[in-house]
Amino acid sequence: MSVALVLAGLVLCGLSGLPGLFVHRERGSGERVFAALMIAGAAAGVVGALRALALPAESVLHRAWPVRAGAFDLRIDPIAVMFLLQVLVIGALGAVYGLGYWRQVDHPRNGRKLRLFYGLLVCAMGLLVIARNGVLFLFGWEVMALAAFVLVTTEDHERTVRGVGYVYLVATHTGTLCLFAFFGLLHATAGTVDFAAPDLEAGALPLTGPAATALFLLALVGCGLKAGLMPLHIWLPGAHASAPSHVSALMSGVLIKMGIYGLVRACTLFSEPPLWWGGLVLGLGVVSGVLGVAFAIAQHDLKRLLAYHSVENIGIILMGLGVALLGRSLGNDALVVLGLSGALLHVWNHGLFKALLFLSAGAVVHATHTREIDRLGGLWRAMPLTGAAFLVGAVAICGLPPLNGFASEILVYLGLLRATTHHGDATWIFAALSVASLALVGALALACFVKVFGATFLGVPRDASVPAAREAPLSMLVPMGVLALLCVAIGVGSPVLAPLLGAAARTFAPGLATSASALAPLGWVTAASLAVLALVGASVMLVLWRTRGAQAAGTWDCGYAGGSARIQYTSSSFAQLLVGLFAWALRPGGHAPALRGPFAPRTHFASHVPEVVLDVVVLPACRLAARSFERLRFLQQGRVQFYLLHVVLTLLVLMLWR
Amino acid sequence: MLAALVCTPLLFALAALAVPSERLRPWLLPACGLAHLALVVAALSGAAEPMAHGWLVLDQLGRPVLGFLSVLFLVCALYAPGYLAQRPGRKNRVFCACVLAALGTLTLLVVAHHLGLMWVALETTTLASAPLIYFNHNARSIEATWKYLLIGSVGIALALLGSFFLAYGALRSGLPSTLVFEDLVRYAPQISKPWLHASFVLLLVGFGTKMGLAPMHSWKPDAYGEAPGLVGTLLAGGLTSGAFVAILRFFHICNAAGDGEFARQLLIALGLLSMAVAGVFMVRQRDFKRMLAYSSVEHMGILVLGIGIGGEAVFGSLLHLVNNGLCKAVLFLSAGNIHRAFGSKRTEHVSGALRRVPGSAALFLAGFFAITGSPPFGPFMSELTIVRGAFGTGHYAVGAAFLFFLFVIFIGMGATVLGVVQGDPPEGAPETGIRDRFSTLAPIVLALGMVLLLGVYIPEPVDRLLRDAASFLEVQP
Amino acid sequence: MHTAVDPLLAVVLVSNFLLLGTSRLRAAINGSAAQGVLLGLLALAVHGHLTLETGFVAAGATFTKGVLIPWLLHRAMREVAIRREIEPLIGFMPSMLLGAVGTGLALVFARTLPLAPEHAGSLLVPASLATVLTGFILLCTRRKAITQVVGYLILENGIFIMGLCLLEAMPFLVEIGVLLDLFVGIFVLGIIINHINREFSSVDTTHLSALKEE
Amino acid sequence: MPTIHLAIHFALLLLLPPLLLGVITKTKAAFAGRVGAPFLQPYHDLVKLMKKGTVLSRTTTWVFRAGPAVGLATVLCAAFLVPFGNHAAPLSFEGDLVLFAYLFGLGRFFTVAAALDTGSPFEGMGAAREATFSCLAEPALFLGLLVLVRSSGSLSLGGMMGSGLGAEWATAGASLVAVVCSLFIVLLVENCRIPFDDPTTHLELTMIHEVMVLDHSGPALGMILYSASLKLFVLGAVLVRIAMPLGEERPFLGWALFVAGMLGLAVLIGVVESTMARLRLLQVPMLLVGAVLLSAFGIVLLAR
């Protein structure tokens, strides 16, 4: 029953774009039907998911599916619920946002296509998290990937968008091929392609040895490509920047989490992961976190910057997962609970605040028609509500109390700190260094978001050519408001989620003893958040009250009268010091003028940070391969005599084969 | 019944030669396609045991292939009238007759159970398809036809030599002089091994040439590139499948002789080589029809690879035969439409097909996703089955190489396809005035629908046919 | 099996070298015609005594390989008005050397194949393989379409020699099928050659290399 | 925790911090051979500022006005988590060190945003420097605290600086010395003292913290001044607690020693400020990396 409800909701979402196809391309009725269907589908799905959580007996559906090794095997367990809710909620909110952001009348060319595949994307993601059969999982996985490809290339008339779409497609297909190998190998070693058959408990498969290692690495690469962990993130910044903003929100908030989901699921297959798995995941998390945020700081493009922050947050999630894996290897239940809860809660939180940030960034782009942070400024006056939404998202993504980012980050911290106090081997040094890295990540994220928020919404407009902005319409503001409220709600109410997180941890590692006590600090988080809220609120009120009716004057110009708005510190100049610190990884380039003489001629300055892995490693390697392939073209140079020679030579070689 | 199956298309071919009207003649194709399909369905719905009629036998291997060929032909036949209406300047008498004759000889190829008869059928198929490649009557098409004929004939000749070797091997061991497959399979263990091996190599190279396995594939890009999309479909989906069936027959004999391992090695080697060659030539391919030809090389490689791997992969390979053929129909026919609309098949001149011919371009894109093994399309299931088979039978390196080549091919093919489909039409692109029409889209949609169906749900009868064929092939001495 | 078989096969091998070494098209066509006649004789000789079937095969082979196809080729040659194969991709001497190597290889390879008692010690299999290789050499090295067709003919001749081993075992229909297909094949090739000539004003197949990967 | 000690905790927290500033100034004056302003001068300044009116830049929004308030509120919150004297902290739970660090982060977010709100290039510059340097200070702080986590086995600040600290000095003294040095550097950079920043300079281009608050006036500036002293006090308290492990007996002597320690710290800062020159901006990150390495060294020493 619950599963049927979820399934019905997903189907509703999947079909939500269809009616619009039969409406004339200039008319808007299709989009309203779409949004209504998405909301209805999401509501049904959420109800079904919660019901499944309450009544575990009803959370399984098993039907035959006449394809090889396939079975229509659905199961809604706590881990699935964690992801399912996110898919549905953010999917529906994005759909509503699209009503204002991507109106059919403004985009007659691609509006209908966008909505059709948007619904399909939500449906596919929902399906893949409840699927237990590997073939069904892959099915959802790939439909998701293709739908996302269509969405990323919505504006395919632009050259950059096409390039970005191609890179995305290749990356996602590579991941899919890894998963092909994963399931093939799983079938060969365990005789099943299921993520734990319905009657099997998780972790029951006796998988060890090189096969298990190969499986783990395949899952790591296949899911890592989707999740966008450094250095497999090459597709992510471009794709998220080029897609329409609500699609970016869905992709960054939800789609990349499917990679995390796959990895978590794959890890449930193994009962005794070796210690180095957890170490590897933790290490990758550290690398993704630090480098992701470092790249983010160097960006000029608002959405690209947000995209790199996804890499960073995936890093934090992986750190949590790494802790959980370490806990399984060490037999330390608290580590498992804290690590996995931190990871899963951060999956949620990142979905919420990243979607919020992308939606508000989309509102900015919608209003100003530019993504260049250095051209923006002073938008708060024109769009205070959007600004407030962005502020909430920014504070949340920095992991600052009293918002939700803090609740999940502290769990990861706690896991790492617990690992630091672990006695017995050298794991703890690794954990300690990870704590420091996480602290670095937090501080860098703060620097980055204060930069973006300040440069975009505060100060005065930098570029007169940017059109005067207007506040976003209600259809865009409402989803942002809901997301912002959810960020606050989880920030102060995280203990409510503790049972769900504990249940998810037990799904991950059956036989956990101490789940409740390890999550106890969440109660303190609530207390602290409330205290901070109260104290900050009171003091802000006090100051506002005390400074009401203050005298207005110009900004103190330090005596340099006559400066224009252009001399404001831009986001690039704000980031310059930090970019310099990370120059070894970022390889910043650009054009700096050499000033000579007292009256320097007119000149320009530009700075640029390439996507290092893609531009410096992957693309040159691909070009090299393509060039060497082209050298083999002589084999096919048109003379039939040579072709016949191929036949003879093949014959001779095969005759001599024996 | 079987004789009727073979003769119906041939009679229709004669009728095509006789009908005087250029406008009415193309409609003989769908008529024949329907008639043929009806006969095939009648034949298949009968009992599962082989239907014998002298040298014509419809056995477990022939049943799915024949059904598939009939469906594929129907798709092509439905497409033909719309296509030929767009080419009013070309006489279509020979074209129609040859298409029909090719169907007849292909049917014969599948049901023939005599070594010589099968060989004759394959040779006739080659001859019947040569005029089809020459349909455009220009310098490029004659070059393509020349290469096709010469290389194809050489391949066929080698296959004949291989057949002689096999027959001599049987003769040498004092077996009854017979060239009927049933007998050959029965006596297989006694056939002299050196002759058997040599004959298998010759037959593999010979039929492999016809099938387009690397490195004997070199005629393919030229022939597929210059032939109309319709002919490309028939060649890539039909004739190659016929040649594959021929190889399977001999593989079957080898297997029955207890020499399956030897044959499997060769098949795996050629399969991987084909995929590698396809990958190399697909990267930066600027002619999208040639790209499809290399894709055909790749998938022929996958077919023999699956057979070579054995186990689960045999089923995957047979399923892939169907999937690949139908996908090739989608790709070649939509590529043909795009080619007509832009008057070019070079990526320099073709882009933004989604703007000019949205239907065909969308189908082309969907076909690309399908053929590269993305769900919800059929090849996903078959390729996954092959991967599972590879790992399941311990061919880890082969499975890894298979996936790696799929990766390279995806990169190469993706760049070309997306370049064609996306963006805006290039500045100053010549306007041919040809656009999507119902008659040139509906058959493609039909084919894509079947590919989709096979991806989400394999109907029980189809599954049974394929399973029977797989277990038929896996017979051990 | 008649004692004349091996001498006849030796003549076939010699004619192979002749074909490899000649630059004149007429000589090449005539050489292939001579081989056709030889094959007819061989068919009779292998079988030992005349029956209806062997007679038919022998007559058919002689007629198609020895008369009909050479006549078609002569006609094609006249139409396209060329006499010589100039500058093959490999020179005439090297191709003869290659032919010698090929023949040697064929002898070696044939030794690995066990023969039926009635064919033991005969040259049938090596001659067949050598002729096939000769055909391949011609196909792979000559520029003119007509010479390539001759090469293909030689290839088919080699296969026919192999078929002679099976004359008893092989039903009649297949033999006829072979000849028929050969005939139709050459016929179509002939038509194509005419078209090539019309389209390119030459039958030099170097012109036929526009379709390639650049 | 008895009410009396709680009261003392808050009394010290609220009243003592400006005195530290006075002590620092006095020390510097003594080094310069001047009499200097009285010890209580900061209190007078605060009272005066609180009474003044406010001038606001026209470009600013409420973020600008909220900045000082959030800064003050967060430091106050953080002060709940730190144990003073030889007593436990008012609030203590597992992982409170994360909250402690992140509260400073929240304050920094808003003070930096407030600086950017003015649209002044100078304040932007200061904001950028503040944000950059704290990025390096944060890992140093965490690594330093990690040494305590590891050696004490406790995940809360109270536990880490609890009664067991004395024993840890005996067993892991080298590590703790490294931590104290590292945290002292963190203290200096977080409070913008020489050698990182000169609070008394008059050239905007060289400032960090002071330039960020150029546009604040009246009560807001008073709040900033007060929260700066609070921050110094809170971070200083952590340092003093680590450097002076006190047993739990004799509570009132603990308070006295603690206050003495804090005043000693203020003198130490004054001495440092008097004897060192401000570093060039480009050298600041190096010193911070040095602090990180020092803390890491402490960890390595523990691993022996």
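To keep things simple, chains are lettered A, B, C and D as they appear, and every chain counts its residues starting from 1.
Keep this in mind: a residue touches a chain if its C-beta (ideal position, glycine included) is under 8 Å from a C-beta of that chain, and two chains touch if they have at least 3 such contacts.
Because the structure is a prediction, the values reported are computed rather than measured.
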Most heavily contacting chain pair (counted by C-beta pairs in contact)
A-D
Select the chain at the greatest separation from subunit B, using centres from the mean of Cα atoms.
D
Closest to the centroid of all CA atoms, by its own CA mean, is chain A
Where subunit B and subunit C are represented by their mean Cα positions, the distance between them in whole Å:
31
How far is the middle of subunit A from the middle of subunit B, if each middle is the mean of its Cα atoms, in Å?
43
With centres defined as the mean C-alpha position, give me the subunit C-subunit D separation in Å.
99
How big is the gap, in whole Å, between where the Cα atoms of subunit A centre and where those of subunit D centre?
36
Where does subunit D touch two or more other chains at once, residue-wise?
none
Give me the residues of subunit C that touch two or more other chains.
136, 139, 148, 205, 208-211, 213
Where in subunit B do residues touch two or more of the other chains?
146-147, 150, 154, 198, 221, 281
So the complete set of touching chain pairs is A-B, A-C, A-D, B-C
In the complex, subunit C residues that touch subunit A
89, 109, 136, 139-143, 148, 205-206, 208-214
Give the list of subunit B residues in touch with subunit A in this complex.
146-147, 150-151, 154-155, 158, 197-198, 201-202, 204-205, 209, 215-216, 218-219, 221, 262, 265-266, 269, 277, 279-281, 283-284, 312, 315-316, 319, 352, 354, 369, 372-376, 380-381, 383-385, 387-388, 390-392, 394, 399-400, 403, 406-407, 410-411, 414-415, 418, 422-424, 456-460, 463
Which of the residues in subunit D come into contact with subunit A in the complex?
53-63, 65-66, 68-70, 72-74, 76-77, 80, 91, 93-96, 98-99, 101-103, 105-106, 108-109, 112-113, 115-125, 127-129, 131-132, 134-139, 141-143, 146, 149-150, 153, 155, 204, 214-215, 218-220, 223, 285, 292, 295-296, 299-300, 303
Per the touch rule, the subunit C residues reaching subunit B in their complex are 112-116, 128, 132, 136, 139, 145, 148, 152, 155-156, 158-159, 162-163, 165-166, 168-171, 173-174, 177-178, 181, 184-185, 188-189, 192, 195-196, 199-200, 205, 208-211, 213
Per the contact definition, I'd like the list of subunit B residues that touch subunit C in the complex.
116-117, 119-120, 123-124, 127, 130, 134, 138-140, 142-147, 149-150, 153-154, 156-157, 160-161, 164-165, 167-168, 170-172, 177, 179, 192, 194-195, 198, 221-222, 225-226, 281, 290
